[in-house]
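Take a look at the structure below.
For reference, chains read A, B, C, D, E and F in written order, and residue numbers begin at 1 within each chain.
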Amino acid sequence: MTEYTAFKVELTDNIAHVQINRPEKINAMNAAFWEEIVEIFQWIDDTEAVRAVVVSGAGKHFSSGIDLMMLASLAGQMGKEAGRNARLLRRTILRLQSSFTAVDKCRKPVLAAIQGYCIGGAIDLVSACDMRYCSADAQFSIKEIDMGMAADVGTLQRLPRIIGDGMMRELAYTGRMIDATEALRIGLVNRVYDDQAALLDGVFAIAREIAGKSPIAVAGTKEMISYMRDHRIDDGLQYIATWNAAMLQSEDLRVAVAAHMNKQKPTFAD
Amino acid sequence: MTEYTAFKVELTDNIAHVQINRPEKINAMNAAFWEEIVEIFQWIDDTEAVRAVVVSGAGKHFSSGIDLMMLASLAGQMGKEAGRNARLLRRTILRLQSSFTAVDKCRKPVLAAIQGYCIGGAIDLVSACDMRYCSADAQFSIKEIDMGMAADVGTLQRLPRIIGDGMMRELAYTGRMIDATEALRIGLVNRVYDDQAALLDGVFAIAREIAGKSPIAVAGTKEMISYMRDHRIDDGLQYIATWNAAMLQSEDLRVAVAAHMNKQKPTFAD
Amino acid sequence: MTEYTAFKVELTDNIAHVQINRPEKINAMNAAFWEEIVEIFQWIDDTEAVRAVVVSGAGKHFSSGIDLMMLASLAGQMGKEAGRNARLLRRTILRLQSSFTAVDKCRKPVLAAIQGYCIGGAIDLVSACDMRYCSADAQFSIKEIDMGMAADVGTLQRLPRIIGDGMMRELAYTGRMIDATEALRIGLVNRVYDDQAALLDGVFAIAREIAGKSPIAVAGTKEMISYMRDHRIDDGLQYIATWNAAMLQSEDLRVAVAAHMNKQKPTFAD
Amino acid sequence: MTEYTAFKVELTDNIAHVQINRPEKINAMNAAFWEEIVEIFQWIDDTEAVRAVVVSGAGKHFSSGIDLMMLASLAGQMGKEAGRNARLLRRTILRLQSSFTAVDKCRKPVLAAIQGYCIGGAIDLVSACDMRYCSADAQFSIKEIDMGMAADVGTLQRLPRIIGDGMMRELAYTGRMIDATEALRIGLVNRVYDDQAALLDGVFAIAREIAGKSPIAVAGTKEMISYMRDHRIDDGLQYIATWNAAMLQSEDLRVAVAAHMNKQKPTFAD
Amino acid sequence: MTEYTAFKVELTDNIAHVQINRPEKINAMNAAFWEEIVEIFQWIDDTEAVRAVVVSGAGKHFSSGIDLMMLASLAGQMGKEAGRNARLLRRTILRLQSSFTAVDKCRKPVLAAIQGYCIGGAIDLVSACDMRYCSADAQFSIKEIDMGMAADVGTLQRLPRIIGDGMMRELAYTGRMIDATEALRIGLVNRVYDDQAALLDGVFAIAREIAGKSPIAVAGTKEMISYMRDHRIDDGLQYIATWNAAMLQSEDLRVAVAAHMNKQKPTFAD
Amino acid sequence: MTEYTAFKVELTDNIAHVQINRPEKINAMNAAFWEEIVEIFQWIDDTEAVRAVVVSGAGKHFSSGIDLMMLASLAGQMGKEAGRNARLLRRTILRLQSSFTAVDKCRKPVLAAIQGYCIGGAIDLVSACDMRYCSADAQFSIKEIDMGMAADVGTLQRLPRIIGDGMMRELAYTGRMIDATEALRIGLVNRVYDDQAALLDGVFAIAREIAGKSPIAVAGTKEMISYMRDHRIDDGLQYIATWNAAMLQSEDLRVAVAAHMNKQKPTFAD
């Protein structure tokens, strides 16, 4: 396993655990973070032995978002020419976005396990995950508005599909902090656990459940749900029909049906 | 009224009751089911006397989904040539999809009344209905994942518009069974009734309410809501303006206003 | 401040209060209403001193919707030639729609404060606002179905993005009246206040919170969330990157960071 | 081979020849035409032995478009209620459209061979074909404008993708008759032949060429080109990748490569 | 008829002649131009007696594009704050765009008659017209690239639908001047006339032809072709079916058929 | 300058010359080709000194398309499990596509200079370039159909936007070879040069012309034209307005205007 400076990554029982590992900085997202996360998810995508992914944060908090040092460094690169500054800013934002798009486009389900602060860029990150779970002490805030800017690495693009439009706007305009209970009520998280230990136990249990399914079927299911965020129903129907034209010739269907008949748990190849 | 083998169909008080009628097979969807449902909804669409539709299942359960015999028979048609197998599979899936698209595109509102098991293909079916209601004993599962396949007759395409994206993924990846309470909380059903009798009473009451409205107005309303699942707001505004350019010349508007003035219940032609 | 016949408009502390002001007619939307609202929101859009907007209704009710006199007058304009009637109707509907599109496209957040009746056209109006809040006595109904017509000034287009698809259809097909509690549960409103006084206090507090943020950041945030109702995630990411290429060169970012460092409240230019 | 009243259909050397066969009526499209064409293309789609289709008209002209008797009959069905008339008209138009959509969606390439008049509905028909060829005496006119109506069975929807937008508008607004030379210049036809005999020879030669290719490859190619009329480039790339994931496992690829190596003409199964 | 400073407008025989009238400035587009054109097309849209529009330029040239004085004045409004400058620029561009969108969305066909220079903003203007015709001395250039900017009032958005993608890029990247012959070859104009007199004669003849058709049918045809620049074929088919549900109940259809039977020229109401 | 095995790359006068350099293999696209082209265009995108790109082929031919050795090697990777084969094939095709998407998304204009054979994959490549120019001896063929497959690295997706739909289908279904004259007529190339020397001279002259323009303006122009292949006109207008809100604050605008006033040739920074 490669060593990373901003993350700790482990693979156990077909589950990759991607842990943001700068607890002394409240897991703030520094330059290394934005680069390493792309490599990690590239590795996950290429490694068929990984069947599910858990993203968590080391220490008491999930993450406080982008490291302000990064913004300061970016400001230092600005010159006098507004057009070329704009060109630089645009390309920088696109590059940061592509870090979380790597999470979004990962072929395996990604589960976020959230405790403590989940703020600013951390909301962008968990919006790019498949599902979100938290402990009772979690706190969420779309903090960018208080930095004098519109959030630009995914929150405003992905979160409205997850929580209601009305509440989305309130949270984005005010930056108001919400707790675990409200997060559950508006659909931001799927479940609240008592504490961080219970959270990790619970999320890994769900991840194991998923890792036991046919990886061909899980990948197809993820592709289709992600596709439907952006496409028409008729396009979606046509796409799954074309997809399954190949995938239903897979062994996994036969294995699953046989196990079902024998009331056994099926075992699928990676 | 035509006789069907997989359904029992009745028309009373402008309401068509379409009942899956293979209780001894837990209303599993066999070959006849997939063909007859198209004919039934063609008839509903062509019959102006039908103003609302209730879909239910005979016996203790709504439906256990696609009949595994059908899948076995399909498997038997496979040859050695992967390309031509793919062609056959793709066309077969498209044909199955078109059975539930007939429900989705039906010009009259379709209400699903669900008790007991609602599993696999049954979720695809109720996702194509306008509204879903259940009794307290209902149980829902996106079972396809356990067959080693991605659901391909509509669940993954239509359900994300109905329940939240986060919970959608959990249910689709794990196939976890959920009960009536959770179904209500995530918006899968609009209401839970104590038992099957109360369920049918309640759903028929709503259907009667709808059947008493102007059929021109109801059809326009359905067309617009369905259209908005897939289209932009500006396209939707333009579409309803064009639609109502014709439909507001209808008598029903005059009838409704007159009844309103006289504080009477209006009566609309089919 | 211009005088209006259907509205009372005030600007205090960067907040425009737009009050429908025909309480003796339950704030029914007459011809003046549809014209004046366009002028008012044009003024709001052009006036950088306005940073947030509250829409409310004078008296015991928010609004009973379109004034039936207007419909009668429109009926009187109809001639014998169906094609030219259709042309007239279509253009009239498009013009009415554009009144609420002016609310929807307003660059500043619009908060609706709703008490008593919110019926028919009033639902179209609040659907075009950013957020909705109500008092405990509020009552909502998509009343158009009882006028023998499909709602055509925005409800059917915008509301499905706000509340669940299943409940949307039930309310639109039946015209059923729902109360504040149900409105909160389905996400139609963000919060319920005890009475009208508490409602206005609460909504103005949120509006003040928003008015204190960077107007550049708030406008960008609104643009992006509205954009995402209709566009793909990849388009949204590209759009915000292009937007922020200019906007991150703004002073507001520097002001916000400086205030953050000094733990002070930042002050932003209009 | 089924007998038809408006068509003569033959299958030779894997090519279906669909000939409009009412030369005494200038091949006007009567009620039988609109129904039979659906059945014919259903048969073509289901019959793997058909690998290419030629559509032509018997006699001196291709077709004069919709039979005016049909319009008269439709007019006779109109009642007094404008709303219900609109409902009837809308459904009728959708049904007529579906006749040519069957041509458009046919999985095999459809070549139109056009001589003499090609007017009104005939333009709708050939716009739904893959390619158009004509003899030197051909004459084309979007005649609907002279009937006081906007063309509604496909010309205005499909033709702009084929000829230039500027010329499209001139022809549609004026109904001006154009000849074979101009048709070639604006891309309406691919080639002009001296006379009707040369036209049929030429078109059948192209059809035979196509019928000799892998039917799996031809079907995929058609699906993709048709898809690109309406979809984004990135969606198209993703779609062909998914399609070929199955289809490149076909024997045809091996057969083609082997023939290529041996400099022989390959033979593909249906 | 209102008097304008940048235009001369006449209405004769149901044809509005909109002439840019600053020949001493090569018809450069000044502030008055951008405002008046909106009023003029609003009037055209509202005046049913106008059935076709001809846009031309007084003097030897069509137009040299935007008046550089306007750009200078805009530059003078720029302050020091980059974010607020961006806000001002964006709103200014959107307002300029809306001037030509008024031309594009005009319900009546707009024919451009072009002689001499047609440069920069003039290309944006004629791209928003339905058809373009020119005299042999016409010269076209997408001049914005030489001003150090990307064209932003419509050329880059509308012209690719009219001329080929490959040539579009060459002209936009190089600003190369093309003559009438090349303009005809690439589909930028529909026809080239010998000189300016022949040009106006020819264009007015086409406009008269169009003005003699049913205005209901022409408006529907334009709506559909414009719609198809941006929409899917299936959406287009559905839209025309809904449109014609109203419009085929028009008298014009009856008038047209009766005239056709009697081999007379029909006369349609405005 | 990095050394490549399949390409020779030079940078002179702000123009990158990317030459496929396997003349002894008719420039067939081998594994190195597909990898190196991504690196090359990444370097072009990151190097502001590159302002235009010319793609050509060494020797007598542009390129014969994909190297059949690559297909053979891919075939060798296939296992027995159809589902996992499909997964491998799909990912492989997506990776090949991304090589040409790097060309398509390059921020600088890419001009293809084509002589001799331009076949199969070579058509995919030139379809991803901005403009195409050829010598009189050029020959083009969409050869994939003769390999028993649908073209899957971009031809079917991008070419229909460039040449007419009717001719597109004929060429794709038949694989017919076309010469330079026909390529010019259908818009596949912008110009035909007498021989290869004249071709390179001509194309470099155009590239130099482009390299002399403001790189900010050229990049914006390319972004907008590419955007319009896939987006609506209103989205395009909004996008350029947002883009130019930043870019019109660039120095280049001032430089260009000053040069224009002084009738000098402007010089722009990279």
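One rule holds in what follows: contacts are C-beta pairs under 8 Å (C-beta built on N, C-alpha and C of every residue); 3 or more make two chains touch, one makes a residue touch a chain.
Source: prediction; values computed, not measured.
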Problem - Chain pair equivalent in interface to A-C, over half of contacts matched, among E-F, A-F or B-D - result: E-F
Exercise for the section: Weigh C-F against A-B on C-beta contact pairs and write down the one with more. Expected result: A-B
Problem - Inter-chain centre distance, chain D versus chain E - centres from mean C-alpha coordinates, in Å - result: 33
Handout entry: Whole-Å separation of chain centres (CA-atom averages), chain B against chain E
Key = 47
Exercise for the section: Averaging only over C-alpha atoms, locate the centres of chain C and chain E and give their separation in whole Å. Expected result: 34
Handout entry: Per-residue overlap in chain C, given as positions that touch at least 2 other chains
Key = 82, 86-87, 90, 161, 216, 229, 234, 242-243, 245-250, 252
Practice task
Using the touch rule from the top, collect the residues of chain F that touch chain C in their complex.
Solution key: 231, 235, 239, 242-243, 245-246, 249
Exercise for the section: Name, in rising order, each residue of chain C that touches chain B in their complex. Expected result: 68, 71, 78, 82, 85-87, 89-90, 93-94, 97, 101, 104, 144-152, 154, 156-158, 160-161, 164-170, 172-176, 186, 229-230
Handout entry: Footprint of chain F on chain D - complex, ascending
Key = 109, 130-132, 161-163, 187-190, 206, 209-210, 213-214, 216-218, 220-225, 228-229, 232-234, 236-238, 240-250, 252-257, 260, 266, 268
Completion exercise
As the complex stands, chain F meets chain A at residues 81-84, 86-87, 90, 216, 219, 246-247, 249-252, 269
